[in-house]
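Each of the two complexes below includes subunit A, the first together with subunit B, the second together with subunit C.
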Partner chain A sequence: MWWERWRIAVMLAPTLLIIVVLFFGSLGYGFIQSLGYQPNIGNYSISLDAYSTVMFSERYSEQFWRGLRLTFFVSLASTAIAAGLAIACALLLRQTFVGKRVATFLFQLNLPVPHLVIAIGIIFLFSNSGLLARAAAQMGWISAPSDFPVLVRDTEGISIILAYLWKEIPFFGIIVLAILQSVGEDYEDLARSLGANGWQRFRYVILPLIMPGLLSSSIIVFAFTFGTYEVPKLLGVRFPEMLPVMALEFFLNPDLNARAEGMALSMIIAVIVLALVVVYMWISDRAIRQT
Partner chain B sequence: MTHVVLQKLNKVYPGTTQAAVQDMHLDIPSGQLVALLGPSGCGKTTTLKMIAGLIHPSSGDITFDGASVLPIPAERRGAVMVFQNYLLFPYMSVGQNVGFGLKMRGVPQKTINQKVIEMLELVKLPNIANRRPKQLSGGQQQRVALARALITAPKVLLLDEPLSNLDAHLRDEMRELILSIQRQLGVTMIFVTHDQEEAVLLANQIALIFEGVLQQYAPPDVFYRQPISERAARFFGGVNFIAGTRRGDRVTTALGDFVFNPAGKDSAPEGAVTLTIRPEQIVLQPADTRNSIAGRIRARIYVGTYTRYKIVLNDGSEIEATRPGDVGSLEEGDAVRLAFPEDRIWVVAQR
Partner chain C sequence: MSRVKRILFYAAVVGVVLALVLPIITFFINAFAFRWFYPQFVPNEWSLQAWERIGLIPREGQRTLEGWWRLLSSGSDVINALGTSLALGGLVTVLSVIIGLPAARALGLYRFRFKRLVEFMILAPTIVPVIAFVLGLNINFIRWGFSGTLLGVAVVHLVPVMPYVVLTLSGVFANYNPEFEEQARTLGAGPLRTFWYITLPSIFPGLVVAALFAFLVSWSQYLLTFLIGAGRVITIPMLLFAQASGGNNAVTAAMSLIFIAPAVLTLLLSARYLSGEASAVGGFGRI
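Here is the complex of A and B:
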């Protein structure tokens, strides 16, 4: 029956329709607003003014470009470091050892904790008046808690990266663990008997096997860290600040004209993330093929 | 060509009390093709992995040409394993798969490429180096896995259930390929199987293992003629077992006395024994009455190349006999005499 062939497509259609409407609807609406079209305050003309203001005006340009750099640095660093550490943890957790169940449970403990709570935890632990600073002073490693290196509200975004690591390592970790478990150890045993040493088994067996899952999850993590404001708002400094925080401030601005600039900045973030995802997928696809 | 010896090999997995492999002693002359045969869970894979170096024995030793290999890690031991499910790396081409072992040894790519072509020819799969494993049939994947193992010129090739995943017609092809490669390269091969037919088809020698304990180590035909126990006989398709008492070359049973010819090798001590004879060795309607008993045919099952008869004996027990082809004169309900030729009777100790 012709209908049979279309059945699944028809069943999926309502869901897909909602997704498509939301995706293009919100992007389209945001884009129109970023062009300055705001009938409620009598703006009917459209222009790219908001974009040029955000990127090139005397008032915002330095904030924007420095912010862009910081956003890149934080997202890349937290994604790459989290992925690397998660692989190491997953390889350890996969072994048989005393306390494995407890260790695995503790490893995943942070997953359901909101980012905000983790950010506050970072302040509690790493700030100049935090637990580590006081402990270090007690132990006599530093003369006073205020001598503790600035890790929170620092200009390099270290504390933001720490917060993201704290949260994303278990996220990557369970994905890698799940892949390793489903693949089993036969491939490694086989490689071993064919003469592969420890490093070679990691490089030529484990890495290619976990790569597809790792790549798609790092796209998720990268896009997330590039576009959310909670953690950098709490742990960042005023200058440079990450782009999502900058966008948030445009929206909180009572001046309704700032709305267009906020939307323009959000559009820029969206385009950068989308472009990176495309490039990333293209590169990783080629890399996987050429292993 | 490597002479492999397992000496009092034991493996107790951590957290278990029952040994997975127990006092295994096995001498595998170089260039032989030996099967480790036994039901699932009897310790075959454990033994194979200990030889490969992937599992450490709890005690005992493994020697290659007289030297212990236990201190040598798996990656340098030269005992290469081919897994049952082939395990071709899905992210590599067929050629890259085959060349893997040489790449790990740092062999130049040009040499690798040449060897890959040679190996693919050896397994009769030329011109597929650029394909992806996904594009191959199960039988082809199996042969690629074999080429990938052979390219490293292993001292010992370890095969896990090499024929079990193949269709009947591919089994014959694969069997011949393995045998011809074995003859060509003379490499010592040890393979694992739970299927006695697979073991008989391929092996020079079969090591029968139950619950981690080696039962009998002999050429295939011995398991049909002279099984070590009733259980071993049953594993090889034996169905006829009669309890009795042995005195010299005579076994006294409820059905009468049988004379047998121990044929050099003594099977069981005097006393309580089980007499066994294979269905195809029983003579129906013999010319004389030596060693014969009476029965009645309960069922006649025509199998094509032979016919199976289920025969009820005087004491109510049942025995099975087969005759080649279709010798049509015996029907269900007929009375028959059946004789056990002296040199076909085998007795094993009762447990």
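Here is the complex of A and C:
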């Protein structure tokens, strides 16, 4: 009935208004500004200058490409290592043992802790006067703080990856645990009775079961690590600098022309993340059709 | 399992768990340490100095009822920021539930054209990073005169919050039978009474989870508050960020503990419920 349809539209309207105006509207407005359209400083023409300045100008190109490479490296490494270690943790924690509830609770403790706080914890832990450096000194492995390897504010993004690992291992781990719990152990028992060894049961029974959940959560983690500002800002260096930090620095530059460049960078981040989601949806669609 | 295997298993579990909680342990050490010089592993002396410095505990000798009262009413930076963070989180929670409840009902109960598109649009902010839309938003909010106000920041927090509220609540409505409402209506209850006595009790557990998420996601926002708040809305993460990028370790640690307290409390209260809820876990992923 016609009024039924209108009722649904009215129910959806407030939420959609927020999302369309504030989220999609801002994305669109950011895109227009990245094309150089800035009426408040009297710029009405449209061009791709900001993109070419950021990507190819002598001044910024090295900073951009090195930053892009670092961002990709950090996101890929964090996602892959966290997923791998989380599977191992989930396989440990799904056993029955004394203290399982306490262990599971402590395992997910970092889940609701904001990324910003974990980043600070990584500094306290891994800096060269941090807890691990002190432990090494007590053991007599190092004699001065400067002997401890530079893990925080390093040029390779190691501390950034560490922060993401501490945060995302519980995230992946809980998802894998939930899948394993809901599936039960019947398939594994069946495989065992057919003579499959431990590795075969993992490779041909467990892995295919957890793969869909693991892949979709990997997309979430990759997209998140690709676009977060706080963690690389606290744990990163000026060069090479991860893209979100670079984007905000352009944007906050007192020179209003640099705004377009900041917008261009944020658009590049959005496009890369969205491209990834599209590829993922295409792959998962194909996988569903094949089975 | 053999005995050796058993011991190895426990060693692995303890190792994993200890490694994961180590950053949080460092906060406790740093926040209560006094003159913790390198290379001491454990501080020789402990103190509440950091907590006195941020104005949450009165100085020694003033820890009387009057001293506490004077401290709380003095309005130190941290106490003001705590107030702002709590008010903001509360406002965002109320707004997001009121706005999201009808949408969640529509998505959970009905099939309609463009449903997939609507779901996709509502979920989009969970995958697109804040940095991608906040810059465009910032300029418009300054133009509309919305930036720098608590309400403006609360409205902007709705963008990352709405997907989780709608997702959690639409899951509740997917298992909800609206015929009970019709029965109440035929028995003469008005829409308000129907909502209060029929709808609300049956969706209440889901509503609590959605509200907790809304609060936590808002509580942990840094970048959105920083840019839209324009330096006038100061929350705990903003003080913490400033302190962490070049302040005192003990003070940073004390602030961190305050910052994570609501989140850990929530986990403590809802641990059992969350472990089976993938969509709820997704909310934590973005914090």
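In the analysis below, the second predicted complex is superposed on the first by the 255 of 291 C-alpha atoms of A that agree within 3 Å, B and C clash if a C-alpha of one lies under 4 Å from a C-alpha of the other, contacts with A are read in each partner's own complex, and residues count from 1 in each chain.
We take it that a residue touches a chain if its C-beta (ideal position, glycine included) is under 8 Å from a C-beta of that chain, and two chains touch if they have at least 3 such contacts.
It should be emphasised that the depicted structure is a prediction, and the values quoted were computed from it without experimental measurement.
Superimposing the complexes on subunit A yields a three-chain arrangement in which subunit B and subunit C fit side by side.
Applying the stated contact rule after C-alpha superposition, one finds that A:153 touches neither subunit B nor subunit C.
Of the two partner chains, subunit C is the only one touched by A:178; subunit B is not.
By the touch criterion defined above, A:110 reaches subunit C but does not reach subunit B.
With both structures placed on the common chain, the touch criterion links A:66 to neither subunit B nor subunit C.
In the superposition on chain A, A:94 contacts neither subunit B nor subunit C. Of the two partner chains placed by the overlay, only subunit C lies in contact with A:230; subunit B stays clear of it. Using the contact criterion defined above for the overlaid structures, shared-chain residue A:270 touches subunit C, although it does not reach subunit B. After overlaying the two complexes on the shared chain, residue contacts for A:213 are found with subunit C alone; subunit B is out of touch. Set against each other, subunit B and subunit C touch different numbers of residues in subunit A, with C touching more.
The minimum CA-CA separation between subunit B and subunit C in the overlaid arrangement is 10 Å, rounded to the whole angstrom. On the side of subunit B, the complex with subunit A involves touching residues 14, 49, 52-54, 74-77, 79-81, 83, 85, 87, 89, 91-92, 100-101, 103-105, 148-149, 152, 158.
Residues 5, 8, 10-12, 14-16, 18-20, 22-31, 33, 40, 89, 92-93, 95, 97, 99, 103-125, 129-131, 133-135, 137-138, 145, 166, 168-171, 174-175, 177-178, 181-182, 213, 217, 219-221, 223-224, 226-230, 233-234, 244, 247-248, 251, 259, 262-263, 266-267, 269-270, 273-274, 277 of subunit A are the ones touching subunit C in the complex.
By the touch criterion given at the top, residues 96, 186-187, 189-197, 200, 204-205, 208-209, 211, 288, 291 of subunit A touch subunit B in their complex.
On the side of subunit C, the complex with subunit A involves touching residues 9-10, 12-13, 16-17, 20-24, 26-27, 29-30, 38-41, 99-100, 102-103, 105-107, 110, 112, 118, 121-122, 124-140, 143, 155-156, 158-159, 162, 166, 216, 220, 222-223, 237, 240-241, 244-245, 249, 252-253, 256, 259-260, 263-264, 266-268, 271, 274-278, 281-282, 284-287.
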